[in-house]
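In structure tokens below, several structures.
Common to both upcoming complexes is subunit A, partnered first by subunit B, then by subunit C.
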Partner chain A sequence: MRSWITLALGAAALAALMLTGNNYFLRLGTFFAMYATLALSWNFIGGLAGYPSFATAAFFGLGCYASAILQSKGLPMVPAWGVAGLAAIAFAALIGLAILHLKGHYFAIASLAIAEVLRELVNTQGHLTGGGMGLNLPILKLGVEQQARVFFVAMLLLATVTAAVSIIVHGSKLGFGLRCIQQNEDAAVMLGLDARAHKTAAFALSAVFTGVAGAIYGNWVHYIEPSDVFDVLLAVKPLVMVLLGGLGTLFGPVIGAAVFLLLEEVVWRSFLTVHAAVLGALIVLLVLFLPRGLAAIRFGWRKGATA
Partner chain B sequence: MIYFQVLANGLVLGGLYACIAVGFSLVWGVLNVINLLHGSFIVLGAYVAFFGYNLLGLHPFLILPFAGLLLFGLGYGVQRLAINRVITAPVLMTLTLTFGLDLLLNNAMLVAFKADYRKVILDPPLGSVVLGPVYLPLDRVAVMLLALLLTLLLYLVLRSSKIGRAIVAVRMDREAAALMGVEVMKTNAMTFGIGAFMAGAAGCLLSIIYPISPLNSSLFLGKAFVVCVLGGLGSVLGAIVGGVALGLIESLSALWFGPEYAVTVSFTLLIVFLAVRPTGLIGKRGYE
Partner chain C sequence: MAQGGDGVSALLEFDNVSRAFKGLHALDDVSLRVDEGEIVGLIGPNGAGKTTLVNVVTGVHPATDGEVRLRGRAITRLAPNKVARLGVARTFQIVQPFPRMTVGENIAAGALFPGVACSMHEAMAHARELADRLGLGDVVDKSADTLTLAKRKRLELAKSLAMRPKLLFLDEVNAGLNSTEVDAALALIRDIAASGITIVVIEHLMKVVLSISTRLVVLHHGRLIANGPPEQVVRDPHVAEAYLGKRYAAAMAGTAP
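Let's turn to the complex of A and B:
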């Protein structure tokens, strides 16, 4: 119950950003909701099941292009987002059949390769996707400020739904089964757990919201190109956010997304030519000194205080 | 007739791919670390060759040992100072760590060398020979031969030197090796250093046939992935088989589907291989 209240309060607080009417804050808010969606989504497969997935970029780009192509064929925006989500689920289920039996590095590499294949396919199918030239999306006939609000609300709704599903999964048999897989998959299977079904469900869950986020992103920025929406950084950033917030925790990914976004804004603004290096240094420090996330700091401090 | 040419192109490329991948495969096989820095190591090696040739007038083949040693030092240090600390952590941690390190190194190169594409242009050029239906550029042939030579050298080092035996022992069983008196952490660092050496050497070699830019590092890293998975992980033979297989696949798919599909085909094969035969073409073997 507490987590539902937290979610409601958090979403309401974010929605209050609309009252400020400041487009910069709205843009930050939209990015935050998107990052939170991606991080929560990754957490299903990466945090709960412990499978190091780099498929986020593939699902994001897939959703983005599916919705953009459908809209270029005349489908309205919102149904196109829905179809993009379904396409991502179907794709994840299909790919999951091929790669979810892999473990460790092999799974990581396979999931990384999927985005590469999709990007190259999009690059070569120019008549449908615009190839390397990219694709323009229809612009909403609204003022700049209304548009900013529309996409902020859309992304916020998506993040809220993702968080709600996370809460349900964390408390469900599915979440329990996934944690068992993470602890010891062989033992879980011996106890009669259907590992394949569990992993496929987690993979599909991690795909659907990511796909919709990609679709919304496409309309938000009006113009998409393969190297942008299949960027490997899109697969790594959510993972860093989850590491920041705490692996496999419920709201850790959201906190990680907020911290990451703040750092990213500051870094981008102050170190334009070396922002990648600063991001790299952040990742290195995180892995070496804070492998259990920011939550671990608080824990250590409390322990020290009571002792 | 064109198939002879395609075959020759594939074999020539394959030797170089084997050399690109063998260090990556060694690190993956022995340390269980996917070294995402490998592509940037290769590019750094290529820059050493580029500046050595243009500033000092030394032929890339002569600079090769120095580039290799420089990269060896870098790799040894990286493993000693960073990766060894999390070597027993889950896959996700080491992978993320090398990704962060790669962002650092790649950005540093971008600032130091700019993103411009450059290439070592040999003067005089090595020319080419025509063998019946096949046209062979000599620089590529020389690169392939040297690449294969280096790869075989690595095989000999692993097989007959003391450190090589230690590396093989750690690959087979880390705990048992430690009990036999092998210093595991030091061996790890040596392994990573040797992987980086091979990357630097491969970079020197390909500096005369590929454009050099920090932006190309992911291209080389991708090739290393595919070669390792196609050939089978963690053995010199696997890298050679995988390299030649990838060279042939790229040449053939460029002929059949067009050059723009070469990457699609090789990565699709990577996924297929992972799905049905993750041990690669030659199956599971050690570095004996």
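Let's turn to the complex of A and C:
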């Protein structure tokens, strides 16, 4: 119950950003909602099941291109977003069958390769995707401010749905099974757990909202190209956010997304030329000194108090 | 369903089962049968193939030759989680808890995955009941990695029992326990058997096996070298040879009254 209230309050607080009418805040808010969606999504497979997936970029780009291509064929924007999500689920289930029996580093490398394969596919199928030239998406016939609001609301809704599904999964048999897999997969299987079904479900869950986020992102920025939406950083960032916030925790990924976005903004502004290096160093420090994430601080203090 | 001469039904049957690892026969042409209600002691020197036998039944390392049947149904190449759902449980020689979950959650996993309990709530209720029965009631909300070895072994047993198995393999459940703990564990095993679960005990400690088994099966180099009532098996010269070496076995036989 408490998690649902937290979610409702958080979403409402974020929605209040619209009242400011400040486009910079709206842009930040949209990015935050997108990052939170990606981090919460990654948490299903990476945090709960403990499979270090680098497939986020693949799902994001897949959703982005699926929606863009469908819209170029005349499908309206919102249905295209929905189909992009479905495409991501189907793709994840299929790929999952092929790589989810791999463990640890092997799984990580295999999942990393998926985005590269998709990127090459997009590059070579120029008649559909525009190839390396990229694709333009239809621009909404609205003013700049209205557009900013539309995409902010869309991303916020998506993040809220992702968080709601996270709450449900964390309290469900599926979530429990995934935690068992993360801690001792062999033992879980000996107790009768169907590991393949559980992992495929987690992988599909990590894909669906990421795919929709990619689709919304495409319309938000009007123009997409393979090197942007299959960027390996898209796979690394959610992982860092979850590590920052707390692996396998419910709202840790959201906290991590907020912290990451703030760091990114502040560092980018202050250290324009070396921002990537400074950001990297900060992340290393945070992960080194808070190995269980920011969410662990509170729990650590509580444990200390009751001991 | 296979029926024995005395009308007892066979729970587990091995027909000429072999398991090879790159040419090495960890299990070599073993035929065996376990009836319902038995407590079978499975013994043999290190590397005799005892754990391999468990892995063959549970589907972790399926037989490379021969057939394994559970209540007459072939399970030779069934996946581990499916074998578990048919009612085969095992404990591991090296305990395998979910370390960062509570003791209660660990046991609940055993009830939830094979479908004994339908919901998390129901599974936790089962878990509390079992924890009380196995003397883990006071640590049910503690993290599993905080337990002592004896309690971790109990937890391993509790997880298996939560599955409501028909057949339970106990792989060295007494290893590393002191004699008081061993006595308690033995009482528990008898208790479990009395509740209608067929048990196969893998043990190093001869004394332990002799005190609870209704039958002994001896493996050596992957082959079954003896199978029968405990008192008969321990006098078998082949068994003494496997454990002590040829020379000692001959000397023992010579000095026997």
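Convention: the second predicted complex is superposed on the first by the 294 of 307 C-alpha atoms of A that agree within 3 Å, B and C clash if a C-alpha of one lies under 4 Å from a C-alpha of the other, contacts with A are read in each partner's own complex, and residues count from 1 in each chain.
Keep this in mind: a residue touches a chain if its C-beta (ideal position, glycine included) is under 8 Å from a C-beta of that chain, and two chains touch if they have at least 3 such contacts.
Here the structure is a predicted model, which is why all the values come from computation and not from measurement.
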{"item": "Subunit C versus subunit B on the shared subunit A, clash or fit after superposition", "value": "fit"}
{"item": "Subunit B versus subunit C as contact partner of A:Glu116, first or second or both or neither", "value": "first"}
{"item": "Which superposed partner A:Asn184 touches (first subunit B, second subunit C, both, neither)", "value": "second"}
{"item": "Subunit B versus subunit C as contact partner of A:Gly192, first or second or both or neither", "value": "second"}
{"item": "Contacts of A:Phe176 with subunit B and subunit C, given as first, second, both or neither", "value": "second"}
{"item": "Partner with the higher number of touched subunit A residues, subunit C or subunit B", "value": "B"}
{"item": "First, second, both or neither for A:Ala276, with subunit B first and subunit C second", "value": "first"}
{"item": "Partner chain in contact with A:Leu239 - subunit B first, subunit C second, else both or neither", "value": "first"}
{"item": "Three-chain overlay, vertex subunit A: subunit B-subunit C angle, C-alpha, nearest 10 degrees", "value": "80"}
{"item": "Per-pair minimum CA distance [subunit C against subunit B, superposed on A] in Å", "value": "13"}
{"item": "Complex contact set, residues of subunit B against subunit A", "value": "28, 32, 34, 82, 85-86, 89-93, 95-97, 99-108, 110-111, 218, 222, 225, 229, 260-261, 263-264, 267-268, 270-272, 274-275, 278"}
{"item": "Of subunit A, residues touching subunit B in the complex", "value": "46, 50, 52, 98-99, 101-102, 104-106, 108-110, 112-114, 116-117, 120-121, 123-124, 232, 236, 239-240, 243, 273-277, 279-284, 286-288, 291"}
{"item": "Partner subunit A, residues of subunit C touching it in the complex", "value": "58, 60, 80-81, 84-85, 89-90, 92, 96-101, 105, 108-110, 112-115, 119-120, 159, 163"}
{"item": "For the subunit A and subunit C complex, residues of the former touching the latter", "value": "171-173, 176-177, 179-180, 183-184, 186-195"}
